[in-house]
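Order as written gives the chain letters A, B, C and D; numbering starts at 1 within each chain.
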Amino acid sequence: MIVILLNGIVMMLSLYLIYIWVPPAAILGETSRIVYLHVPLAWVSCLAFAVAGIASLSFLKKSKINYIVYARSSAHIGLFFSILTVITGSLWAKVMWGSYWNWDPRETSITLLLLLYIAYFSLQQIVSGNPKAPMLESVYLIIAFVASPFLIFVAPRLYPTLHPEPVINAQGQLMLDTEMRLVLAISLVSFTLLYYILLGLWVRIYVLKSKLHEE
Amino acid sequence: MKLYAIVTAMQFLAQTDSNYSKTLFWVSAVVWCGIVCYLVVLHRKIKQLEKRVNGKK
Amino acid sequence: MVTVKASNLSKRYTRMLFRDMSFSVATGQSLAIAGPNGSGKSTLLKIIAGVMTPDSGNVAYWYNDKPVDTAYIRNYIGFAAPYINVYKYLTALENITFAIGTVDDDAVQLLDVLGLSPHSNTMLMFYSTGMIQRVKLALAFLKKASVLCLDEPGSNLDEQGKRVLFSLLEKVQPTTAIFIATNDAHELNFCKRSIVLD
Amino acid sequence: MIKALWRNIQKDILIEFRSRIIVSIVLSFSVIVTISIGFATGGIINSPLLHAAILWIIIFFSGMNTLSHVFFREIEESTALFGVIHYPAVVIYLSKLLINCCVMVVIAIMVIIIYVFVISVSVYHGIYLIAILIAGSLSLAFATTVIGAIAALAGARGGLFTILAFPVVLPLFTVAIQSTARCFEQQVFSPLSAIIFLLAFSMVLGMVSYLLFPYIWREF
């Protein structure tokens, strides 16, 4: 319960800071506030993916069933947040560069993450009856987990000729001064706490589901 | 869960009275409604499952 | 001299197949596993052969009183069962070279005894089920392993085939530990000891 | 170890050539797609990047039809247990991996020959092109072999395999396309960085798959 309360307070604080307190960035004005939402969303999707990868790895090592529950729950949250990130990203790109989609390296890596989640869940659907399902899922997740850093090396080299360098590269290289950086940090913390709560909810769902099947 | 409902309501209030740009409004609307609905859906799912588990015992 | 020691094995699918199953079989002994269909005979045999892990308990292999690492158990086991399919696009000899490595004169002689030598160069897709069963038995016996696991070895065999099977079993009995999962009366009383799964 | 590996490979090669499923699928797929693109564009595509993209898409999708077939046949005819009782899972993995590599390299070479024949493309750096094609197809095989096993064990025919393999393979896909595009341009360039990336990618995934494969290829 404390975590929920704590997160409630931090969330409200970050909300207040984002929408009212922090000074808008030089050129972008109001829309620059979206950074404080978009970046944490992307961060949580990656965090969820990493947690799912590590959970699958430990499931392989110790093959205790609750690790696979963590991997699945974390993947659920990751899927939801990566969808949100893609939506907010493209909405914002509409303003920044005038088109909903223009192959910015950040966008492609998040989309790849979304593709990975979709692939993972389609696998999960198909193997749900199979006794080897947990093993198949975690092996695939580990393969994806190992392959994903490679894209980070590839992303900046992606179609370098077509990619216009914006005044402010909207994803991360924003010239953040101290206040903005502080607000971003708080927002990141509040979203991570939110992730933690959602993880607890999903784990609860899986535990209840397995209880149901057992009887 | 009610906490989040209040938080989002407050956020909308902060929105409407000041002249923030439309995109910011849309983006925050998408984000916050998404999260709140997600929480509510999960919460209801848990309640439902708990009812069925207790029902079975 | 090999000993296969199983200690409180248990395995559960939708229902508990068997619980705390313990036995020990040494070279020269044989154990039959009987029980109605779906009682877990094959599962138990797979666990003994090291191809499936039990929910609890374990199977220990001792060769000349030295424990055998689980990764190398497969070299000590000859396994023939209806659920182990041979490659239809390969001929009998090719299957043997794949599984055993070389087709030596023992192999040729055994194929002759099993009446397979005239067809040993045709693909198994053209074989009858009885002949396929004989190929499977040949593969298990040719392994010359110190443990022999057979799941319904007599299935699809005609009288002459069964006679050959029992003569082979008698021949290898002194030097191997034999496990047979079956409901066939003749095979059951071939084995000295037996377990019944319900 | 080597003898065991050779026996597995020999078995798979014999079966593949006798059943001739892979060979017919691959040949027909790559020929049909290349020719249809030839028809559509009348053989005139000016941008090198487009050439490279089309080339790699053909290679990727013909690979997708075949790479999981090696495992799927074992599951379909339930001969997997037969292999497992005689050989450790790693030997089975290595033999299937080598077969997939050969299949992919053959696909790549065949596709490039048909492509150059059907669609007028000016290749300025032939040797580089071949090197990148081989490195790319090898890394495709390395990256997707275990995913092929997963798709086969999941019991889904081709569709699932493509969905699962695409996001994992995307990084090397983009690098391969970019470096192949440069082969169709005049100015000199060194494909070394691309080839190193492709091989590094496949080494890492190959190693991880080597460790993971025994966890899924058991208990049939």
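To be clear about the criterion, contacts are C-beta pairs under 8 Å (C-beta built on N, C-alpha and C of every residue); 3 or more make two chains touch, one makes a residue touch a chain.
Just so we're clear, the structure is a prediction, and the values are computed from it rather than from any experiment.
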Those chains which touch subunit D and also touch subunit A: none
C-D or A-B - the one linked by more C-beta pairs in contact: A-B
Geometric centre distance via CA averages, subunit C-subunit A, whole Å: 52
Subunit B and subunit D: spacing of chain centres that average the CA atoms, whole Å: 46
Whole-Å gap separating subunit A and subunit B, where each centre is the average of the chain's CA atoms: 18
Subunit C and subunit D, separation of their C-alpha mean positions in angstrom: 38
Chain contact topology (line, ring, star, complete or other): line
Interchain contacts (touch definition) - all pairs: A-B, A-D, C-D
Touching residues (chain side subunit B, partner subunit A) in the complex: 3-4, 7, 10-11, 14-15, 20-21, 23-24, 26-28, 30-31, 34-35, 38-39, 42-43, 45-46, 49-50, 52-53, 56-57
Touch list for subunit A against partner subunit D, complex: 60, 112, 115-116, 118-119, 122-123, 126-127, 130-132, 135-136, 139-140, 142-144, 146-147, 150-151, 153-154, 157-158
In the complex with subunit D, residue positions of subunit C that touch it: 46, 49, 51-53, 71, 74, 77, 79, 83-90, 94, 97-99, 101, 123
Interfacial residue positions of subunit D with respect to subunit C in the complex: 3, 7-8, 10-11, 14-15, 18-19, 77-79, 81-82, 84-88, 218-220
For the subunit A and subunit B complex, residues of the former touching the latter: 4-5, 8, 11-12, 15, 19-20, 29-31, 33-34, 37-38, 41, 80, 84, 87-88, 91-92, 94-95, 194, 198, 201-202, 204-205, 208-209, 211-212, 215
